[in-house]
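Shared chain: subunit A. Partners: subunit B in the first complex, subunit C in the second.
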Partner chain A sequence: MEKKLRIMVIDDENIVGKRLKPALEKDGDTVETFEEPNKALERFGEAPFDIVVTDIRMDGIDGLEVLEQVLARSAKTKVIIITGYATVEVAREALAKGAFDFIAKPFKPGDLRAVIEKAAREIRA
Partner chain B sequence: MQIICISRESVRYGRQLAEKLAQKLGYACVSREELTDLATAQGIPVGKIETAILKRQNISEQLALDMDRFKAFISASLCGRAISGGIVYHGRTGHLVLPGLTHVLRVRAIADFEERVTMNMRRMNLAWEKARAYTEDVDEDRRRWARFMYNVNWDNPALYDITINSAHLSVENSATLLTQMAQLPEFQPTPASRRVVKDLLLGTRCRLALGKDERTRDIKVTVSVKDGDVSVVYLPRHARQAPVIPSVLEGLEGMRSLVCTVATTNILYIQERFDPQTESFGHLVEVAEKWNAAVELLRLVDDPEGSEREDAEPLPATGAPAETGGILEDSPDMPDCEDQGCGVPETLQRLIQVGRAGAVRTLVGDGLAVAGKLARAEQYSLVVVGDVFLSRGAAVRKRLKRDLVSLLNEQMRIPVIGTEDLKEQYLFGAKQWISMVFYAAATVLLYAGVFYFQEGILEFLAAPGTTRRILSAVVVGAFAPFAAIVIGGFAHNALKLVKLE
Partner chain C sequence: MEREQLRENMRTRKEVAVGDFMPFPYPEKGEPVENIALFERPSISIRTRLVMAFALSFAMCAAITIWSIYIAALVQEKIVFLETSGNYRIEIQQARRFEKNFLLYETNLPEAMEHLRNAEQILMENGETIGNILGASALAIMKAHAREYHSLLTELGRKRDPLERQDIEPKLREHGSQMISLALEFEREERESVRKMLSQARKIPFLFLAVLVVLMVFIAFFIKTQILGGLARFKKYTERIGRGNFTPIVPKRKYRDEFSMLAAAFNRMIQELDRRHNILVESHKLRAVGTLVAGVAHELNNPLNNTMLTATMLEEDFSTLDDKEKLSMVNDIIAETERSQKIVRNLLDFARESEMEIRPLQIEKILDDTIRLVVNQAKMAKVKIEKEFQGPLPPVHGDAQMLHQVFVNLILNAVDALPPHGTVRVSTFKTKEDGYVVVEVRDNGPGIPEHILPRIFDPFFTTKANGKGTGLGLSVSRGMVRKLGGYVLAESKAGEGTVFSVFLPATVVPSKYSSG
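Moving on, here comes the complex of A and B:
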């Protein structure tokens, strides 16, 4: 049996976590959602996650900083960036800094699940 | 109302230059970032368009509509600000959303590649190689953007009035140079260009209003404005939604009149598998360009068992970010034809690039059912039938296609032809040259003969006696159709050559 994934979702819009959590838990993975990136990073410090899904534009710490801090603590973690304000410059910067993939809002949970499955295959390989 | 557009390679240099120039001229400075944020906040998924470019995705019909709305938004924002004063815009290719405006000063600001890599390396705290790859990728993405959005080569110097090289010119000196250049008469607004700005603003506001309204957001329209008179042209497949267009556009500032019409120059292209690389597709595009027509793709999936169904390409709800957080409902996707190699996405992409994209739909059924369904559909100017019934044997395929063409011809009462006849019927090639030369020679001989022997002919026609008169009438009656064929053949080819058929 495959090991279940630990997924962290960070977005300062409450509705995003609310909609994504049940959709991602369908596959039996553990999903924790955060609206404040600093609290999410604190939690990550306690126990690393396999996959981090983060928005880019957030108050305080932005998604690119979350990406850097997460990869500095756990190089194995796959970071997926989600944002409504994507530009090729920002997306390329995220990928250059080690993001696993990039999804522009609006998207369907199924789109994110497909990227997570791809990331999971790499983690388990 | 002066407009200066800076297409920048280095965002930092472009911004500094635009701000300095705006300061010197006392104009407003507008950045692409500012406008994309505003567009996104209004529900235009700019990020989706950018991601499609980054991930080399095919353009779906929905994405094409989003691109259209985004272009309208940028155009409306620039025109709206330009009406109240001069503006300096810095972004990618802002001037391309201002068609017909001849007084726009178009500036390209380039920067030394190595310098940009160093800057990116420092800004993003990346290793040299990664910063270099980032810079190359971003440049390529921007080139693709220009191709995707406007079908132009971003590097083409003909797109710009002047190129500024930041490696040789400081921001201050570049701004001074452009300030002087902006004083030239070529870049001054005229009463005519002011009218164009107003019409452009009204047209793009119409497009945005239609894109925002739930009832009309999926309608593919072409909006044109002349002195406040608005014309909205929609595709035949949107005839049911079209009646609400006037109520959506009602009360728009500056609109004097509104006319909504269905596009009459639509070409329906029926095929089982599309390939934008084929010669026949090239001919089709040529005809569409000649007629200024949109091409609607109909993928005909043969069903020998005779079951019949129809699917329009799905247009998922864009979703207002504030309500959904940008997370849509999961819904079963339409069967994707990409894996089956149907070629629809590639063909649609090509049509979008040349500005000829119409709708896309799929019909499943046999020839009779399809003919019946199309006969009930709205009007087209031409139906072109390509390779269909591919699972059948060559002889059966040929017969079924011939039957389909003949059925459609009979029921739709418009020209229906096979792709193989397209060139001969509507384009001018070697065969048409030979035919025109032949008919031209015959016409010359005809006229020369008539004028050379006119005395004899007149004598023959005026000869007295009932028998001679009857004979004259018979000879003239027999000669007239022959002359008509010869002269008509020449005229038909000549008009086709000058694209006036």
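Moving on, here comes the complex of A and C:
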């Protein structure tokens, strides 16, 4: 049995966390969901996560800042960016800043699972 | 169907009316309705009026000229007659001189008789004229004296006896002196009348001058009111149209003239300008819609994603979920679909072309709708929009679509001007006296440089990079606010930000609100 992954999901849309939590937990990973990036970063300070899935456009702190702070604390964490309005510029910026990958809204839980699996393989490699 | 019929009727009636009132400069078919009033007045063209004024001047000058010719002819006649009356007096005087010679030396009686006959001849020939001047009775007296004198003189010639002659002598002297005094009076009268006429003739140039002055003043006044006044009026119209006021020109004078034709042409131009302006406004709105679509598409992805996630999970776990969870998920799907609908409807409402409809509007509602439209744009630019509504405010007089467009333009401008984490504050209040509701759109951006500020409302003026702005937003916004009877002010301080204040006329007397 592979080691369980700790996954953090940040999106100010309540439903995103509500649906992704059971979807991602099916693989046996631990999933924590947050609507406010502040609280998520606070929690990350307490205990680092292997994978962070964050929306890019949020009030207060946006996804790119979350990306920077997460990587500053834990370089081996894979950050997956969710974008509502996928533009090449945003994607390029996210990747340049060290994001693992990005996924555009709307997506199916399966799409995210595939990206997470890819990230998990890198973590375990 | 009925309505169609009614409209048809109205149109034909209008055409009949137009035809009735326009016998001469008939405008082209399809003349704008606004011009009818201009043609409803009776026509007296400026050309006709000028021709009339000059004809009148000519008539007056001609009358005075004819009168002066008449007076000159009269004077000439009098002078000729004066000569005649002088001759008459001389003849009488000669006759009397020879009469005295006869009485003293008994000579020259035939000469006296001859001179007397000459005098009588003059009286006979000019009897009518003399009668006119001195009166018929005076003429009769003159004639009687002459006759009497004649007979006395004849009698004197017959008498040889000096004693008998002495009897006749006093009578003869009496008639003689009477005749001379009458002749002198006649001459004096004539001279007096000539003097009078000459003095009258001397006044003619002054009269002529007076009439000329009056005519010149009249023509100057005519030119001032009819032509210069009209030109000044049209100068004002061009200024008004330049400021974007496209209300048609209405008749100002009782009669229609060349300026009415100009006014009709102006009204056609105004209508065309208004039509083009509306196209401009519409095209600018579509541009704003284009900008807003980006934000809306972004915003729409959230409910779409929620729906997608929920529906997929429902399908995936359909057999393991209990009914309560399934119902909750279905409700989520419904709620998120409604949310999508709202987002799209808001933009569609804004994008839809609609006729202007002025009615009382609650400014807070207009601003809430507007902010909802632009909030995605603001989020993307990481700009915060704050509201500060001072209530209760009286309703404003306006068209919802137009006001949405005005505030979308102003807020998007502010958002564009701001760096990330900037703030746009939208606040409302009312003016104390003149019954305006004021909406302020304030940003804390870099501000507009002083040398640019006076030009920001000019059409096609833009500070944005090539192709990013049309330069029409503020010009169009100001045009619309003016159309609603309001005005826009801009204030800016370098480094502190910019405030756009939109003054909109309130529909109710403000005292009702300030007291309540």
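We adopt the following convention: the second predicted complex is superposed on the first by the 125 of 125 C-alpha atoms of A that agree within 3 Å, B and C clash if a C-alpha of one lies under 4 Å from a C-alpha of the other, contacts with A are read in each partner's own complex, and residues count from 1 in each chain.
FYI, contacts are C-beta pairs under 8 Å (C-beta built on N, C-alpha and C of every residue); 3 or more make two chains touch, one makes a residue touch a chain.
It should be emphasised that the depicted structure is a prediction, and the values quoted were computed from it without experimental measurement.
*Asks:* Answer with first, second, both or neither: which of subunit B and subunit C does A:T77 touch in the superposed model?
*Replies:* After superposition on chain A, A:T77 lies in contact with neither partner.
*Asks:* If you stack the two complexes on chain A, which partner ends up touching A:T33: first (subunit B), second (subunit C), both, or neither?
*Replies:* neither
*Asks:* Looking at A:P22, would you say it contacts subunit B, subunit C, both, or neither? Reply first, second, both or neither.
*Replies:* Only subunit C; A:P22 stays clear of subunit B.
*Asks:* Just to be sure I read the superposition right, which of the two partners does A:E13 touch: subunit B = first, subunit C = second, or both, or neither?
*Replies:* In the superposition, A:E13 contacts both subunit B and subunit C.
*Asks:* Based on the superposed arrangement, let me know which partner A:A91 touches: subunit B (first), subunit C (second), both, or neither?
*Replies:* A:A91 contacts subunit B only, not subunit C.
*Asks:* If we overlay the two complexes on their shared chain A, which of subunit B and subunit C does A:F102 touch? Say first, second, both or neither.
*Replies:* The first partner, subunit B, only.
*Asks:* Quick one: is A:G110 in contact with subunit B, with subunit C, with both, or with neither? Answer first, second, both or neither.
*Replies:* A:G110 sits against subunit B and subunit C alike.
*Asks:* Shared contact residues on subunit A for subunit B and subunit C?
*Replies:* 13, 15-16, 19-20, 23, 84-85, 104-110
*Asks:* In their complex, what parts of subunit C are in touch with subunit A?
*Replies:* Counting only subunit C, the residues touching subunit A are 294, 297-299, 301-302, 304-310, 312-313, 316-317, 332, 336, 379-380, 382.
*Asks:* In their shared complex, at which residues does subunit B touch subunit A?
*Replies:* Residues 11, 33, 36-37, 40, 45-48, 50-51, 53-54, 124, 126, 130-131, 133-134, 137-138, 141-142, 145, 316, 318-319, 321, 323-331.
*Asks:* Tell me, which parts of subunit A touch subunit B in their complex?
*Replies:* For subunit A paired with subunit B, touching residues are 11, 13-16, 18-20, 23, 82-89, 91-93, 96-97, 102-110.
*Asks:* Within their complex, state which residues of subunit A touch subunit C.
*Replies:* Listed in rising order, the residues of subunit A that touch subunit C are 13, 15-16, 19-20, 22-23, 57, 59, 62, 84-85, 104-110.
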